[in-house]
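In what follows, a single structure is set out as structure tokens and then discussed.
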Amino acid sequence: MTTAIAELAEERVVEGIYAVARKRRLRTRGGSPYLALELVDASGRIEGRVWNDVELLDGRFAEGDAVRVLGRVERFRDRLQLEVRSLEPAGDVDPGALAPAARSDLGELDGFLDFLAGELAHPGLRATVARVLDDAEVRGLMRTLPATPDGHHGYAGGLLQHTVGVATICHETAQLHPRLRRDLLLAAALLHDVGRTRELSPGPTFAPTAEGSLLGHVHLGVRLVDERSAALEPELRAELLHAIASHHDPRAARTAEAAVLYHANQLDAVAATRPTNE
Amino acid sequence: MTTAIAELAEERVVEGIYAVARKRRLRTRGGSPYLALELVDASGRIEGRVWNDVELLDGRFAEGDAVRVLGRVERFRDRLQLEVRSLEPAGDVDPGALAPAARSDLGELDGFLDFLAGELAHPGLRATVARVLDDAEVRGLMRTLPATPDGHHGYAGGLLQHTVGVATICHETAQLHPRLRRDLLLAAALLHDVGRTRELSPGPTFAPTAEGSLLGHVHLGVRLVDERSAALEPELRAELLHAIASHHDPRAARTAEAAVLYHANQLDAVAATRPTNE
Amino acid sequence: MTTAIAELAEERVVEGIYAVARKRRLRTRGGSPYLALELVDASGRIEGRVWNDVELLDGRFAEGDAVRVLGRVERFRDRLQLEVRSLEPAGDVDPGALAPAARSDLGELDGFLDFLAGELAHPGLRATVARVLDDAEVRGLMRTLPATPDGHHGYAGGLLQHTVGVATICHETAQLHPRLRRDLLLAAALLHDVGRTRELSPGPTFAPTAEGSLLGHVHLGVRLVDERSAALEPELRAELLHAIASHHDPRAARTAEAAVLYHANQLDAVAATRPTNE
Amino acid sequence: MTTAIAELAEERVVEGIYAVARKRRLRTRGGSPYLALELVDASGRIEGRVWNDVELLDGRFAEGDAVRVLGRVERFRDRLQLEVRSLEPAGDVDPGALAPAARSDLGELDGFLDFLAGELAHPGLRATVARVLDDAEVRGLMRTLPATPDGHHGYAGGLLQHTVGVATICHETAQLHPRLRRDLLLAAALLHDVGRTRELSPGPTFAPTAEGSLLGHVHLGVRLVDERSAALEPELRAELLHAIASHHDPRAARTAEAAVLYHANQLDAVAATRPTNE
Amino acid sequence: MTTAIAELAEERVVEGIYAVARKRRLRTRGGSPYLALELVDASGRIEGRVWNDVELLDGRFAEGDAVRVLGRVERFRDRLQLEVRSLEPAGDVDPGALAPAARSDLGELDGFLDFLAGELAHPGLRATVARVLDDAEVRGLMRTLPATPDGHHGYAGGLLQHTVGVATICHETAQLHPRLRRDLLLAAALLHDVGRTRELSPGPTFAPTAEGSLLGHVHLGVRLVDERSAALEPELRAELLHAIASHHDPRAARTAEAAVLYHANQLDAVAATRPTNE
Amino acid sequence: MTTAIAELAEERVVEGIYAVARKRRLRTRGGSPYLALELVDASGRIEGRVWNDVELLDGRFAEGDAVRVLGRVERFRDRLQLEVRSLEPAGDVDPGALAPAARSDLGELDGFLDFLAGELAHPGLRATVARVLDDAEVRGLMRTLPATPDGHHGYAGGLLQHTVGVATICHETAQLHPRLRRDLLLAAALLHDVGRTRELSPGPTFAPTAEGSLLGHVHLGVRLVDERSAALEPELRAELLHAIASHHDPRAARTAEAAVLYHANQLDAVAATRPTNE
């Protein structure tokens, strides 16, 4: 019976089916080769070490594969680590299904996203957002990709959850501050991280694509929205693209909406990651 | 008939009763003395200049006084300015009533504040917040002081409005992120700027008190909450004080709630002040 | 007879036909209105002041117009300034022809640009660069726009001159460092500022377009090159776009060629603007 | 016979009674558990490692205990380290007496402190300082706590020594600069780090208290002095609190005395810690 | 009868003999030329303005000259300013004698400097310091030059006073911290600003020399001490030069003595300039 | 037969004669001593580890010696490392000849340097450069020292290559920008790093000298050029020294030539070191 990674406890021997998110072949200072793995399943991540039969085992699986593992959980530098005793490929298991997943209900989040998009009154912004978020491929990727590969919301569906979070905060802020152009702000919030769908590849590795690592999600998002907003009035289109383009750079923001988006993004990221008590 | 400052238009001769928020006696490069004023009323602020009878008029009124003014509105470096032709003290008018005021309904904001305080489930935090916000003096000052003397929410009642804004955003964020300690975050948000009631003096000048200019609203707020939270468990009290103490310094924040408060404060300030299109 | 701006000398009464690059209506501290102008011709720029008949004259011309001016050159805070005595529209003169212009021979610079583009050996990069630089509209704008609206190379043709400068330095650097991918570096240098052709409007004002002020030349350049590089292998295309995208942000540069382009751009800008002895 | 830590030499087998300032249970890369200790006595600190009987020994002692150790001193990455061969609790020894101690004569430092406090001519400041420094508990803690837990003056009595150092430098600076308010500066120097008595717990661990890690010594010092300075004129009290509050933040300093205190604190810290030749 | 600048009072007509530290010919916005002067005497500095007979008067005196002035003191932007009515060269007065001067007794400061130099026990450092400070030209310049042209100790003899201040603080710090190499620190303190004697020209202007403005007092001081320290052991000489070379750059400091000198320099500068209450 | 370091391949047993650039004696976590070496030859660098007979072997050779090594190449943390099986001193080999060397033809680089020096038209600058670069000792050191001990151009002759690189870029920049003083810029480029000849000792270690580590190559270069430029006009000499003095500090640069030198130095360093694709 397989044990979920989130339930692994120190000093216990466990068996499980996990996906290999990272694999590196290293040597100890004493010269012996070993494998350093990052193992994942829907419940979380754990470091793994293979000390024996390295040559043999290394040939049997690659990054991104699902594997059946028997090992013992140890504590190393305040973190749990799995000392692998035996390991074999689990060819019958879909490794994508083993990517770390959101604890929230993705269906509910999808509903929130639709609700927020439905709040848009401006026909052009509403249509532009629809051309992106009603695209089944984009929408599917939002349910399977993280918001960041190894930071906040770093699990499948994190992209959807973070998008809902930022858009909700922006929606609330627009109600508190009627001077803000609500529809511009909300549309920018709903689309701000859509470039992640072009930057990252599917789980369990979520590795950046070649294009993704060179161009980054900000530029890729601007490009994607640019392609689908030709029908918008030019000035509003430039404002929408501007808010997306500057959502990681507060000094570049030239409108209140762009600056608010920057801070809402920071707020949601910090709320998801900072320890509640260090 | 008096014209509200917000309605002054270029190239017009106007008459009005305003309060003097700043008065400085200067000389032109050519050597003539003049008075540089900042005039305010509930609707806004305008620079004023007195070019004639300077000696005489200067003796008739002080900063913080209400004055009856006749003058002409001019544009100087892209801003309106009032060229004062005649000016006399308006002793029958309460200058405090002429401080720039919130455009929102203060009663409604008070209701929001009570609603948010009522959301607190933890008895100790609820009692601590009540000991501060149910204090009639504090509550009165929140309706008459600004959140900052010359930045965001810089008008009477701005303190109340900003407090409601930050607390609303924190409340929403706690719903999006159930891992956050909602009551700690909400209590800290409700109290984060209460030090302003000790730092600033009443309108129309909102000038810092002697103590306020040396100790600042962060320290004064921590002190005020410290004095009224003796009944709280020590660790939770330290966490509450910590969040207030670090709400302008993100690197000092050691808990997620303190970091979220920092960003919510930034968000509400930016939403209130950044031009919507520069 | 008209005097070129570069030849204006202190304490002299002059007559000339200039274009109005900026016009603002201001008031002196004493309350009198005046016009603050920036006047330009092919030889340079000078501040102008209109003290008399302001109302009348202000209605006669707009920013971007050509005007016939009679005035006296004065020194104000270490810079020359033209005190305008009379001014009338010069409707028969093309104001675009009065934009500040490069002192270099634009034909020769065009030849250098073609030479550098001809050095590209890689067929895809060569074709991509040709699709941009052989476009008569783009090429024409490079001869008539500045590299920056009010910084280095701030005159018509400055964009062409700066492009040749950066590409020449990159070409030389690639010869010194054979490990660099010469064609990638050279192509990026030739295209790095092409977004200026979308960001700026023609002289004499060189004012940013609405889109330009929100999206900036970096993004607009990436978009323009993106549209014309579909035939390039995807990875090389991403590398080219990456170098253009990060040419103002050294920390974003992930390749040696992008980092070299950043520094070559800095070098050419500094060489054009820093005083030779402060 | 026990060997003082300061006298331990490489490649020697030694026996000694030390206190355990830190204890962590780790595992080697090869998977074996070991204990990483920081051992201290009055003469200094040394890292310790327990490789054998880890399970057994780990249960026998805790952080803060005194232990009797037999081991061999080795060099590891340029620092000495004690390889522990056997270890047993030393229940008859007071671990507090084994905290690293000042090399200076604490009695002499106490005399200097009294001399400096006696230099205060202003009755209010003199009384305020006396209410803090004549408090036997505070004074006792200054002799047993460090100025910083792991930086400059990081030994028992370091707090007393650093306080004398900063106050001496401020006293000298006030003589060089008669414009400074000597008594304000001297009082602030004498009290600037008194918050450490609330932030840190006794040796040998000097660990921060729960309140200390959240509120820090600056705020705790302000609070302590606030509580004991009610008799001081309000403005002077605010100036004193201001200097203490800003002694780690030069930009916050609004008076010369606060700025001087900041630099005197830096000077004494650097003089105590920077290597004389790196 | 001449009035000392320090005694000038608002709204008074005065007569005096002052030196011209700065002279610039400007024009008002209205186009009239005027002279902007900085006038100095031993007691201080004041801005002056000449509004009439500008052409005529401008030809009569230069920067650095002594002039006899009749004028009226006015307040402009919170500072006093002298509106000059008549002005004539005072050829019989030595302008150098009118440079702003130290309020301290220079003879006494000279005595302190000799005392501190006499404290050096190390023969080589003692001899090196003597070769610099016993040089009558250097010593004379320390009495007549400021420590900075327009910052702290900005008056004749300020260089001597600041040198005594920094060396006194370093001497005290070495007593508090016996681990510091006292003689190295004290020698570096005594020589740290000696490059000012090569960087600045005599009063009343204290203008930088051509070499001074390009090379700066740090490099010039290192060069001067380098030339006179050939007899010192090479390593100690390098340490001395290093401390002087890094006294404005704390990150460059590689020895405790260099770091202490940096902070002592900061401390004395701040103690001399920060307002005691802003 | 010896294998060049650049040709070492993973998992191979090799034999070679290398120089020891660094040697440290460490202990594994398990307590066993080992030697950590940096081995070099003309083709490159590799980390080495000696696990056996440590005591014995450690006594046989020192940093800077040539050794004959038998070992096996392993990969450790993505880098190759030589596990040494046996090692003996190679007393008959000149270790200096084993320093990492430029891949370029040093004779050709010498020719380029002479060509660039020959381009100087100004007799004083030409003579000053000749007094430095025609000095056989300096010139010899440029062929045997690196430009930086462990950064860009970190091999014997790197100093010559980098000097040619920066001077070539400056020469090109001066042609693009005729307003620059070409001879000043070119002379400064040719001399900018000559202080390295005083800062670094010969290979294979390239360790800084005692003076070098305290004073650094910038100051030592200024001193060397200062000593050899007495015949130059004073102002030009100061400008030359200024450009050398500020070539690592762009904010200190006060002339266009100094600023251009800074950027040319950055450009050549980045072109030599940044990975072409990270």
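As written, the chain order gives the labels A, B, C, D, E and F, with residue 1 at the start of each chain.
Methods note: a residue touches a chain if its C-beta (ideal position, glycine included) is under 8 Å from a C-beta of that chain, and two chains touch if they have at least 3 such contacts.
Not measured: the values here are computed from a predicted model.
Between chain C and chain D, the least number of touch steps comes to 2. Chain E and chain F touch with mostly matching residues; of the residue numbers seen at this interface, over half occur in both copies. Inter-chain centre distance (chain B to chain C, centres taken as mean C-alpha positions): 44 Å. Put simply, the C-alpha centre of chain D and that of chain E have 40 angstrom between them.
Shown for chain C are the residues in touch with two or more other chains, namely 239, 254-255. Contacting chain pairs (ordered by label): A-B, A-C, A-D, A-F, B-C, B-D, B-E, C-E, C-F, D-E, D-F, E-F.
Only residues 28, 34, 49, 51, 74-78, 81, 83 of chain C touch chain E when the two sit together in their complex. Within the complex formed with chain F, the chain A residues making contact are 24-27, 29-31. Residue ranges on chain E touching chain D, taken from their complex, read 164-165, 168-169, 172-173, 176-177, 179-181, 239, 253-257, 259-260, 263-264, 266-268, 270-278. By the touch criterion given at the top, residues 210-211, 213-216, 219, 222-223, 226, 234-235, 238-239, 241-242, 245, 252, 254-255 of chain D touch chain B in their complex.
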